[in-house]
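Chain naming follows the written order as A, B, C and D, and within any one chain the residues start at number 1.
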Amino acid sequence: MGNTFGHLFRITTFGESHGGGVGVVVDGCPPQLEISAEEIQVELDRRRPGQSKIVTPRKEADTCEILSGVFEGKTLGTPIAMLVRNKDTRSQDYDEMAQTYRPSHADATYDAKYGIRNWQGGGRSSARETIGRVAAGAIAKKILKTVAGVEIIGYVKRIKDLEGVIDPNNVTLEQVESNIVRCPDAECAERMIEKIEQVGRVGDSIGGVVECVARHLPKGLGSPVFDKLEADLAKGVMSLPASKGFEIGSGFAGTLLTGSEHNDEFSIAEDGEIRTSTNRSGGIQGGISNGENIILRVAFKPTATIRKEQRTVTRDRVETILAAKGRHDPCVLPRAVPMVEAMVALVLCDHLLRHQGQCGTLKP
Amino acid sequence: MGNTFGHLFRITTFGESHGGGVGVVVDGCPPQLEISAEEIQVELDRRRPGQSKIVTPRKEADTCEILSGVFEGKTLGTPIAMLVRNKDTRSQDYDEMAQTYRPSHADATYDAKYGIRNWQGGGRSSARETIGRVAAGAIAKKILKTVAGVEIIGYVKRIKDLEGVIDPNNVTLEQVESNIVRCPDAECAERMIEKIEQVGRVGDSIGGVVECVARHLPKGLGSPVFDKLEADLAKGVMSLPASKGFEIGSGFAGTLLTGSEHNDEFSIAEDGEIRTSTNRSGGIQGGISNGENIILRVAFKPTATIRKEQRTVTRDRVETILAAKGRHDPCVLPRAVPMVEAMVALVLCDHLLRHQGQCGTLKP
Amino acid sequence: MGNTFGHLFRITTFGESHGGGVGVVVDGCPPQLEISAEEIQVELDRRRPGQSKIVTPRKEADTCEILSGVFEGKTLGTPIAMLVRNKDTRSQDYDEMAQTYRPSHADATYDAKYGIRNWQGGGRSSARETIGRVAAGAIAKKILKTVAGVEIIGYVKRIKDLEGVIDPNNVTLEQVESNIVRCPDAECAERMIEKIEQVGRVGDSIGGVVECVARHLPKGLGSPVFDKLEADLAKGVMSLPASKGFEIGSGFAGTLLTGSEHNDEFSIAEDGEIRTSTNRSGGIQGGISNGENIILRVAFKPTATIRKEQRTVTRDRVETILAAKGRHDPCVLPRAVPMVEAMVALVLCDHLLRHQGQCGTLKP
Amino acid sequence: MGNTFGHLFRITTFGESHGGGVGVVVDGCPPQLEISAEEIQVELDRRRPGQSKIVTPRKEADTCEILSGVFEGKTLGTPIAMLVRNKDTRSQDYDEMAQTYRPSHADATYDAKYGIRNWQGGGRSSARETIGRVAAGAIAKKILKTVAGVEIIGYVKRIKDLEGVIDPNNVTLEQVESNIVRCPDAECAERMIEKIEQVGRVGDSIGGVVECVARHLPKGLGSPVFDKLEADLAKGVMSLPASKGFEIGSGFAGTLLTGSEHNDEFSIAEDGEIRTSTNRSGGIQGGISNGENIILRVAFKPTATIRKEQRTVTRDRVETILAAKGRHDPCVLPRAVPMVEAMVALVLCDHLLRHQGQCGTLKP
């Protein structure tokens, strides 16, 4: 049951990195939404391998087929199934993986849990699984945009110790997509790219932080007490491969302030709306959106796959040495951006429908 | 539906800070577990107001009544309902709250969502709601301890900029409970207490970081891909009031390392078990527990309620000035420790049962 | 997890027949609904023991306390917890039950499942558990009535072989409540009452059929494919104690017709609405309400508790003879009427909110 | 969210009768179960169109592709996605359906709910959707058989007024499959076949009753109070197309007995097990399996699609006359047998895992 996410807008992903393919079933999508395979492909192309010189050069088209739920260009309200075929090239590169556990990967834990695993390319724990999330997230984004004008924009905030200067309230998708590392601070982006290439050359890897903003979200989304908006956002992004931390608004840095420094004072805007003067809350108070921008950050560890030699063990409990063969991402951050956006969109879309379900009827 | 947490070990909390009471229904508890109201009360007393000079002096006994699901000292397998009555002292202190929104509280967002709120003492958004979590968490802890010897220990790691030196692998409950701030670094604890008192005297507040460790957890818990163990832990603790950030293992600091520095190499222990030499993964790989200690951190913002004057607005959209009256916690951290432990226990217990449900039958 | 029902309008019941009490938590209720304890008590009084000479004479007031979720007469949108205290008269009558399994009761199966049971008065399997359902159903009815003018009326259609002649399209609550057996066919009701009294005198019991109609339900409720409206209604009523069968519309009798006899032809009503000329579908087509009256029937077996001697066994696997002591219902049907109505209301209310959640936004 | 069924063993179906295909994702399957596409195909062939002269002659191979979750012949514990391609022959036969609502079909209600529908061949409401259920059911059956030796056998009990004489305790799959109508009473089967052919020749249709037995089910499955075993079975089969009624054990007929006639007395079997002398309970008491055979019946209405002329209306609210063109099943019962078995298997398998999850740990 761990492969389903959301309550009213609910997705179920399937597939391993090798085998028939990966995909997703989206249940609960509102009917009559205009959507096309092309729109979904745009997002998939942002997470695709081989898209630039700083990501894994493995070439996969990742072409998405919509199997159901869309008719004459519109959603039917019935499940939308989407499938991306694997090229299924069971490579010699992976043979060692049948026996040898890659450090800080899921090989050993999958074996511990299930007593069996598809060891080709990581199987179910491969980041290829996120294809289904990104495809479903494209639909969630479209709903949020259509219904409420919501914009969701993610970007690379930091690579190792290189941190960009970016204003989440004004950053644009164009700025994000203007360079291959997806950091809208152009000058910093250049240094990031250089760093990633340098690390890749020596067979090592690095991590960093993705920041994401959701703008124009209506007030009132989020369901206390367990399904607080930040709690569901945290779960969503912490379910992404390689994520190690989550912050909303002021995050960990906020713990260094006093209450009088941290609180967001209220005021009345020119349009008569209640607004906060600052946004250390990150757009959420008491688990419910307050109409300010949702701002969150996700820490991604350095890619576990490296070409350097590491000590490890085999399935049969023999100590050995492993150095990854084949190609890999020296840094997942550029490709993690659309994944974070997708998870944020899925959470917000689900809560939009949930809010409408509970509070749409009786409220005057 | 946001008031239910967990799948197989599932809790539903109810209640506002004023009114009939707060409580919880625990569904799915294994039968024949020995449990007493006294054991649950021990945990409730750790989160109780008035327990020391650095928490809110409001006196509430928070006595827990078990309404159902326990018979002759053992669980029946049927729902365990637990109720703590409110003293329901509708105080003059709260009258202003009917109209005036407290900055960085849930007053304004509850009104935006529901068009109505119980404005006495925060209503449903009050931290009194966590009584139900802590009571249910006591049962979850007992199950984890009984079935697998799991120990869950939380403590205050940092108050504002005062950070304790604590070894999560060896810290004891006795050390945690040896001082009122629940920081097992005794020397640092003294400075923390002093700081909290000083801040309280001037009507301000501070935040910090709670760290929590789960030891002796079996391998194999966690359900890829959305219900990864760290994702459910993140959701659990990020649903606590005042939480702003979450880290597992190396967390945000891990993003400053390279892959070769960050990876946890495998080795074979003396008992033949597969172990990792380091634990930057925080006990979880690929969303599944690997048998090492689970280590996580939660950032709590400075308490929103302060006696200092702040600019705010009323329900009728008039700007005004607010200074909280009455008593409040200048720092929630000491009382947050049992809350974090409870959420961690609830997540781990649920995943223990889920793992047993899926993988208990056919695995040789 | 089996003690929760519904997705958006979701209830969790708790409690055994003896012990602290029985109750329910209602999560997901729309805010700002006017509701009072008195309205809920009206429904509870319809299922109360001791209400007439043909039901068990055990006297319990079954007074409902609203613990949370209602403020100044209106729902808050937060969980509504309701509690009915047990009088907890651990009677000598029950001592034998600790060891001896009552035929066609849940004693043996609870022991088989849990290895423990509260043997006083049936524990969790007692029909007292339905108090929570009826209390929550009263709220669901109020929502359905307020939002869409929906009326739900149940009544006794048949007792053993005595079947009333009742028009579901025009029957009124007043007719149902005009006699103690809750059969709106007054002449038949008299014979039913006589039959029940006669059976009760000889220590035996009888069953029958409850029919229930929901009128003025909007078109479009129900979620294909598993959560078809009739599927959720079937689950709801088949979860009531003593139910053995369910029919929607033409039911089992419909299998004796040909398609040309059974199909409901469409026509255009005077108001321009699409209507069916007949209603063998029972108000549901393809799992979705079609605007006609929902009509369903539930079979209830004769009460398992009888004073006649029966062969049975003890917990220790010794054969023995049992004759129930104490008072019991010779026929559960009159008290089952409000239970059936409650389950129907809970299903319809949940689907009303679910429909609004999925289809409320984008449909032009 | 209505397209998902089950809690621990959980399936999600997708697909319309025309378009990319129909399929299912099975989540929560225990790992290391041996399963092959061939085993699944056996069940799919039992529900396939064109299998005999009494079902619709439309030829579709319904070949199942396993996309994920199985590796080297064994389940991985990760989602098993299965896909059956549609031949997607958008026939002229269906053009009229874009505008004209077929009586007692889902055309009008889908439009009322979603404002849009895939009108080709019934779209999502087509019985083709059950392909996913039957494929998933094949896996559930395999688990039940492997873990506990459970056998599930369905058969046609009645066609219109022709009722077979069948002993559910001893009927075999071979007997069921020995004739094309799937009624193990060979003599009655002949008359049923004749009747179906005769009805088909005049363009009409008929219905009937499927009975299903589950043998060797362990005691203790089922989760009081809402997820009683009979409640989940009722939901499962009432979610099948064309079902109108459900009975467990004595069913509606049981309401004609007195309690002393109806109760199942207990005795001790030769092997020391507690057994019931009769089985009017249908294998379930208090919502929990008691180790006796589960016996249930499902009423299926006469097929709604008939070639006879019927009055109906168009989408634009104009009255008209419709006579179905093309081929159809004059009686769905023979093909409904594997569907009923599948739903029963899905419910029992889910409850097997749920029971193991809750009660597998602590029970001595």
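Just so we're on the same page, contacts are C-beta pairs under 8 Å (C-beta built on N, C-alpha and C of every residue); 3 or more make two chains touch, one makes a residue touch a chain.
For reference, the UniProt names are A, B, C, D = Chorismate synthase.
Values in this document were obtained by computation on a predicted structure and should not be read as measured data.
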| item | value |
| --- | --- |
| Furthest chain, CA centroid comparison against subunit D | B |
| Interface with more contacting C-beta pairs, comparing A-B to B-C | A-B |
| Centroid distance [mean C-alpha coordinates] between subunit B and subunit A, Å | 26 |
| Chain centre separation (subunit B, subunit D; CA means) in Å | 45 |
| Inter-chain centre distance, subunit B versus subunit C - centres from mean C-alpha coordinates, in Å | 38 |
| Where subunit D touches two or more other chains, by residue | 1-4, 7-8, 13, 28, 31-32, 77-78, 113-115, 124, 224, 354, 359, 363-364 |
| Chain contact topology (line, ring, star, complete or other) | complete |
| In the complex, subunit A residues that touch subunit D | 1-4, 7-8, 10, 12-16, 19-23, 25, 27-28, 31-32, 65-69, 71, 74-81, 83, 113-118, 123-124 |
| Touch list for subunit D against partner subunit C, complex | 1-5, 7, 13, 101, 103-110, 112-115, 124-125, 129, 158, 160-161, 199, 204-209, 219-228, 230-236, 238-239, 243-252, 254-268, 272, 274, 276-277, 280-282, 284-291, 299-306, 308, 310-313, 317-319, 354-355, 359, 363-364 |
| Subunit D residues within the subunit B interface of the complex | 7-8, 28-33, 77-78, 143, 146-147, 224, 352-354, 356-364 |
